[in-house]
Every structure is written in structure tokens, then in C-alpha cells.
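Input: structures, listed below.
Two complexes come next, and they have one chain in common, chain A, joined by chain B in the first and chain C in the second.
Coming up: the complex of A and B.
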């Protein structure tokens, strides 16, 4: 994430050679920092500073990873845990994009629609989703839909707010200029509003993806027997901190990968980001 | 000092390196390094006792303050939801002595938590039961149906044992881990056909069309004992052995009070915890309370020399093997015997004192 921001900053200040040099060495600094922390982490365990139950060493986590890859965790292969979680988050996230973006855009264009939905969106958005779990079970039961719903509700609201905000951010003069040229409502939307809002839409979608991925743990606390979030919670119950650590590392890496994927998609679909 | 500063900094740093760290782990890591006393006074400033929040006999002592009196210091009562939380709290050194279930205690020992079992607080007889709908007449009937249970609990252990004893095809049973309150919600919606849980939730299911299929006591004849124990941090025991002795003595008095007057005791406990009297009555009656004198025999913990052959030591080993079987712990991590983690010294001292007190 920081790399992406640094890259964007570098594009703008391309003239300053020294800045560019600093930007180029940043990945190196990051890699070195991560390696140093991992080394210190390993040393803490190897030298007995911290007990293995409190902080399993990277070597132990790696060993656990190998074990789980071979035999699975609780009769479910590790790849299945990963796949189940990605599928849960992915489906809910896609549904959130497909419903949240149109609703947000309409709210941005029409003050009446905005006034209609705003109270609910603003009330639900900051709500800790863990608080919804008992209700979700009573309403939707303990099946997959409950898990889907928790992730969906967490992501869709921030997408709606982001999309509405993106429309509002489009300059009045740009709209007026288009109006003067006599564009139809559709043309206004297709050729003025959409291109102008897409960069910001991508940003809110990207943030929402992060939120959805973090809600995974809450979702998989509902009667799950597979998935990375469930694995972390369940292993914690038995103080299997090595499995917890492994789950955290996997969640982190996959989350990072998904974020990169969105950034990549943004570069392809909205190459004008940052030049508007 | 430096060591602890380093440990803390490191715990935080390593978690910063991996995003999405659950807060619980972070706080447990950070505070574990922080909680350390420099000197060891004879009586600690405060004794932190962990309790499950449900109606249990030692709540009599919590209600009348007899633990404070016996310890000669303050008591901080730390509530927890399930044995799973206890392990985290013990690892973080946020608890000194705790009363909790056998299977999470065994899981903690396997994970090398520095803790010791100092006594048995009760054997789960009918306080934890398998409740089913009308169609579930026997454990075997769970095949093709859904059953709920609280994860890593004594009820979870008992459910697995019940499935095994009754030769149920586990592949045909849909088992869902749910928190006790969520079990009731799932039951009301019709999502589960049965649940293995404790009071007052069992009574709630029964009030809503459920009936008892099996109680944990029924598993004893097949060698499956489910009990609650007093567990203490080793470090605390070494510094304050007298607190452990006093705790067992007061507990014995609570048990005697309950046996003398079950109804009055249930009332006190129900009022103190603000729970339903009927639920308190049935939960308290659903636990068997072995006498301290009995506990120091092979029937329970042994006298320290023969502890390896005691029922509890064997029960812990069985529990460990079972946890490995279902994949929660590594087989290789299980010790040969659990006797080193059972310390009957405090039990014996409490008994010696009790004898002295009995004949003035």
C-alpha cells in the first residue's frame, strides 16, 4: 500500500532527482525492516526470552505451516480453509460492489434518494459488526448466508458512502460546461460523472475490500468449521499460538494480494487516475 | 527488566509486521511481559480468582467474602466466558487461581503453560447434558442431524465421548460450534436438532420442546470423566503457597454449607449472580463434590507419591489423547504423564489444618 502511494507521489515530483532516488530505495528499506523484525522475533524464541506458547518463532510457524499443508487443520486441508475464506469474502464483496456502487452513485446524483437512505447508512456504518452476530443468527440462522451477510453489510455501506462522496466531489463547473454543450442525462452520466468518479470509486472499493477481509473473523465466528478466520479463533481457544500466527500471516498476505489486485485493476480500467 | 522491555517491544513489533492481528492476542502478548512483581511479599496485594459466572458452590464464598477473610488480602474476581478465555488470561498472567474445566486445562498444559492442578472443584454429572428434539431419542439418532456445542469446553469433550461410546458415524453428524447463548437462538430457529451444553441453557432448551438425551454422568461408566479443577499459576504458588491452602479450605466449607442447606445455598448463589433460582438449583445439584480427604486418594488426585496412577492423572491423559485425535493439539506435545502438573501439597496441607481445627 505504501509502495503505491510512494509511487504516485514520485510521479508528481518526478523532477526532483534526489526525491526519486529516495523513492527507489524505499522497497529495500521495507524489506530490510521486515527481515530485521523476523530475525529479532526468531532470536526471542531461540534465546528463550519469551515462551513458545506466548510467541512461537518463525521457524515454528513455518513448521506448523508445513504440517497443516500436509495433514490439514481439523480434518480440512489448509488450501480449503484459504479457499473458503476467499470465497466468502469474495462473493460478499462482489455483491457489495454490484449493489453499493449504483446506490451510492444515485445518492450522489439525487438529493432526494440521498436523504432517503442516508440516516440508515450513517447509523449502520460505524456499528461494530460483532454486535450484529446474535441478531444475524436469529434472523438468518447459522448457515453460509449469515457469514455472507456480515461481510456484505460491513463492505456495502462504506462503498455507498464512498460512491456518493465521489459524485459530490465532481466539480460544478465541469457539470455546467457539459450542460452548456447540451448533453443528455445519460451522456452526462456516462461521459462526465462516471469518468470523473471512477478514480475515487476505486479508492473506496479498495478500502471496502480491506474492511471486508477484516470482517472475516467476525463472520467465521458464526458456527463455522472451516476458513482462516475460524482457524485463528479456534486455535486461540486451545492456545495453539503457532496456528494463530500462521493464520495471521496468511490473512495478511492474502489481504495484501487482494489489495494489489485492485490496484492493478485500477491501473488497467482507470489509467487517468491522478491526472484528472 | 531489560528482558521484559525487550519481550514487550518484540511482541508488538512482530505483530506490526503481520497485519490483521486479533486484538486479543496482541493484548495477551503485551501484558504477559508486563505483569511481573519485583519482590515477593508473604501476602500478595490482591489475589485474582477466575470464575465462569455461572452458579457454582464457591460463589457462596464470593458472596460472603470468606475468601478475602481467609487470605487476609483483597480478592479480584475475574469473570470469563469459557475455558478458552482462561488459557489466554493465564498466559497473560492476569489470573492467579482459576476454577475451570478439565479439557481446556489439559490443552493449556500441553501448550506448556506454567500451571498446576491443585484440586478438583466438582465432577460434572448432570449439570451438562445433551438435549435433543423429540426425534432425537438416543445419541445414535444424531446421525443425519445437526448438533451444537461450545468449542473447547467440557461439553465439547463429553459430546465427542458420547458419539464414540455410542458408535455414531461422526461423518453423518453435522457438528456446529456455537456460544451457549447462540445455541439457544439457533435452537429457536430450528437450525439445530440437539445441543450439548450446561445450565441454565439446558433448561431453556427443555422449556422450548427439548428433552434430555444424555447427561455427562452417563459417560463415567465408560471411563470418561469430565470435571472442573482449581488451577493456579506455578509462579504464584511458589510465592504464596498459603493462599492455595486457604482457598481449598474455604472451598471445602462452601461445599459443606451447600450439603447442609442446598435450597438456602442455591438462593444465595442465585441472588448473588442474579440468575434464575431454578437454574441455580439444578446446576448446583448437577455437580458431584468430592471431599478434600477423598481427593488425596487414588480415586482422585492421589497423595503425591501415587499421583501418576490416580483417576485424574489418567483422565487428563485420556483427554489429551482425545484432543490430539480431533486435531486440536499435536500428539508429539503430549507428556507421558500428567502427574508433574498435579500438585497435591496444598490439598494435604489443607487437610492437616482441617484436622487440627476439627479437634480443638
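Coming up: the complex of A and C.
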């Protein structure tokens, strides 16, 4: 999570050489820290510090994972729970990016469009989207569309605001530098503003992904019959802490993986991130 | 062509321009609305100046006297509140490649290679590659960036970036080149190299240049003519013709007693303006 940001800052402060060495040695520190925590967790269970019903050990969670992978949870295979959750988040999030980025960019360029949408965006954005859940269930039931709608509405607004802000953040001098090179309005947008906003767009998309993943789980907890969020809540009701733990670990790992995927995409698509 | 100019080494002369002006400000004023209803700033007060074809004029003066505002009017970034600004006799319109600008920061586009930055203007204008490509290669050679064409701008030093910005501005064959403290952010050594590069390019192209600077030595080294500006409100307070020499170089420049005498005059003028500017704004 912090690597992309730290890398950019390192290049900017001109101490790139020394920082690069520090960054390269850091994964080892991270791996060691994770191993230590897992070992402590295992020890807490094995040595009887904490009862197994409260905190199943990593070994037990791993074992549960193996069982669920074979037999499924409540007649639904584990991979299906995972896939259902990822697919829900993925579809809604993609829709949010594909609509939110263009709308935000247009709002950034056109004051009229901005004035038109701004009141609604500003009202809805700080609203805790979980407050919408009862309404959404009344409107759309507990089918797939409810989940799609909740995740979409939770992510699209911050993407819109981020994209509009990214356009506004393009400096006057850069716009002037482009203007004296003779760009048309369209060329200004396509060849100057759009690439200028890409680093910030990635940042807001990344933040929105975190929001979307969180919302997904909340949505599945109240209105679903499958998915990782549902699995965690259901298992909690039956005191299957091992399944709860497994669900939490999987949710965390998948969230982390998605975030890394976006960072990787940014490195390929926007290698100039952090270079003004 | 202009004998008086070659011999006018005494310095301060009455404003006069023999050739038809390339850049012409006539009683140009610029008033900026005050922030939150505060008193408006008169950034320029009836400024008149002319820059002849092929001339390199430096605007010199204390911070806030309106040097950038003059440049912005000529570039078309701002419109005068009153008076007129013309280039080649035509009123200045929207910014465009015929009035190229080099800023203090190079303002290269980081997502484009050095070469793509340099060719940005022609490419946007739809000039075919077989036309702009040889031009670009020529400029890359002239600015000494051969071998760096495919590099990303952020992998170059500050001086190299500013050279690329220079080539990007020059490749469109601008009628006038406007430069706003383009070398101020560079170290002293690089600045000298850039100044020599600028004079070299200008010798080849004969481009008319309006150059803003804080630095008296820079102005003396580059300029055919220096316009000293004063502030509150911004206006041109003195004009100094710098004796020309075809092969100007830094060493000869420092040894030249005439230039050094002129330097004393200019420093005195600029100090005076700075002092007056300071006296007018006791609480800022």
C-alpha cells in the first residue's frame, strides 16, 4: 500500500539513491513481521493462552480452509463464495469507474456541468451508504441488483469528486504551455488534461476500491445468501470462529491483492507518477 | 542598418525605435480586480514599448513591477484593461505558436519523450512527420540533446529540460519568443551555458525575443536593449541600449570596461526602483 507513495516521494526529494536501497531491503522486514505475528497467534492457541472458540490458531484456520475448499460452506463451494463476492465488487466497481471518471472529468472542464451535478454529489458523498441499505432492500429486494447498486453508489461519488478535482489541480502554467503550442479545446482535453490527471485518477480509484470492498461485505451481511460477507456473518451466528477467521483472512488478502493490481496497473500506465 | 544603436555605448537613451516594431505596446494598462472586493491592483500603467524585428529586449525590474504581466499580454494569456498590444501590427488574440513562451519551469509533459515534447506543436497542428521530423532532429542537435530523444523528461537534468523546452518553443518558427525568467531556477554554471545557447540559436534564426529577468548581468549579457521597470504602478522607467558585439562571450563580457560602466548604471537604476517599490508598500 505504501510502496507506491513512498517511491514517488523518494524520487521527488532527490534522495532517490539511498531511498531505493531502503525500499529494496524493506520487503524482508515486512515478511519477518508477518511471520512473527502468525507465530505469536499460533503460540497463543497452542500454549492455551486463548481458548480455541475465541481464537482458532492459524493451523486450524488453514485446516478449515482445506475442508471448505473440498466440501463447501452450506452447500456452496468456497471458491464460489469468493467468486461471487469478487464478481459483485468487480462489476459494480467497473461500472463506477467507467461512468464516474468521464463524469468527473467533464465536471472538471465545464463549470455548467459541474454546477448541475455538484449539489447531488456533495450531498450523497459524505452520506454513510450503509444507511441506504434498508431503502435499497425495500426498493430492489435482496437480489443481485441491490448489491450492485450499493457498491456502485458507494464508489462512484468519490471517483467523480476525485476526477473533477484532478482536472482542477492541473496547473495554470501547464495549461498555458499547451495553449501556446496551439492546441484546440479537444486536444487540450485529450492530450494535456487527461494525461495530467492520470496519477490522481489512479489514487482516487484506489481509494474507491477500498470503499467498494467494504461496502460489499456490509451488503452481503444483510442481504445475501452467498459470498464471503454472508459466510462470515452466518458462521458467526453458529459460533464457527474458524470459518469467521478464514473469511476475514480471505477478505483481507483479496482486498490487498486488488489494491496491488491497481498499483501494478498504475506503474505500467502512469510511470511518471510523482514527476509533476 | 542602425548606426546610432551600434555606437550608443553611453547607455541611457530616450525611448525611440527606428524599425517598424515587431511587438508594440501602446499605453497598455492592466488592472487586476482586488481579492474579495479589496482595492484593485494597477499592475501596468500606460506602458508603451516596442521591440524591433530580430531584437532581443530584456525587461528588468524589482519583483512585482509587472514584467510577467507585460509578457502575458503579448502571449495572449491576459488582455489589456486599456491601450493596445500588437504583434506585427495585429492585435494579440488567443495564445498560439506564433508567440512562443518559455517559462521558468520547463513545463515539459512528463508522459511524452523529449522528442515527442519537442514535436508536440507540429503534431497537434497536423504537420506531416516527414516535415517536422528533420526540423526536430536539427533542433535536438542544436540544443545538444542528441541521444536523449527517447528519454523521459524526468530523467534529464534541469538544464537539459529547459533546453528541450527551448526547442519545443522554437520549432514552430514563432514570430516572437517570450521568456519569463527561463534560467532563474538553474545553477550559475548551467545558466551561463543556457545563455550562450540562447544567443547561438538566435544568431541562426534571427528570432525576436522579449526576455524577463531579475538578473542585471543576464540582461547585459543577452540584451540589445534593456527596459528597466518600476512598480506601483508598473511602468517602464528607463531604457538602456547595450553596445552590440557579434561574438559575445562571457569572458570578454567581464573584461569590457564599457559594459562594466554600464553595469554600474543599470544596477543603480534597478536598486532605485526596488527601493521605491519597497517604500510604497510599507506593510508587505
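Operating definition for what follows: the second predicted complex is superposed on the first by the 258 of 276 C-alpha atoms of A that agree within 3 Å, B and C clash if a C-alpha of one lies under 4 Å from a C-alpha of the other, contacts with A are read in each partner's own complex, and residues count from 1 in each chain.
The rule is simple: a residue touches a chain if its C-beta (ideal position, glycine included) is under 8 Å from a C-beta of that chain, and two chains touch if they have at least 3 such contacts.
Bear in mind that the values here come from a model prediction, so they are computed numbers and not experimental data.
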Three-chain arrangement built on chain A, chain B and chain C clash or fit: fit
First, second, both or neither for A:28, with chain B first and chain C second: neither
Chain B versus chain C as contact partner of A:268, first or second or both or neither: neither
Dominant contact partner of chain A by residue count, chain C or chain B: B
Angle at chain A between chain B and chain C, C-alpha centres, nearest 10 degrees: 150
Touched partner set for A:174, first chain B, second chain C, both or neither: second
Touching partner for A:52 - first (chain B), second (chain C), both, neither: first
Touched partner set for A:240, first chain B, second chain C, both or neither: first
First (chain B), second (chain C), both or neither touched by A:183: second
Chain B and chain C, minimum CA distance [Å, superposed model]: 34
Residues of chain A that lie at the interface with chain B and also at the interface with chain C: none
Chain A to chain C touching residues, read off their complex: 11, 173-174, 176-177, 179-184, 187, 191-192, 195-196, 198, 270-272, 275-276
Complex contact set, residues of chain C against chain A: 75, 77, 94-97, 99-101, 103, 105, 107, 109-111, 120-121, 124-125, 152-154, 168-169, 172
In the complex, chain A residues that touch chain B: 34, 37-38, 40-41, 44, 49-55, 72-75, 133-134, 137-138, 141-143, 213-214, 217, 222-225, 232-234, 236-241, 244-245, 248-249, 251-252, 255-256
Chain B - residues contacting chain A, complex: 3, 6-7, 10-11, 13-22, 24-25, 28-29, 32-33, 82-84, 87-88, 91, 104, 107-108, 111-114, 148, 151-152, 175-178, 181-182, 185-186, 188-189, 191-192, 323, 326-329
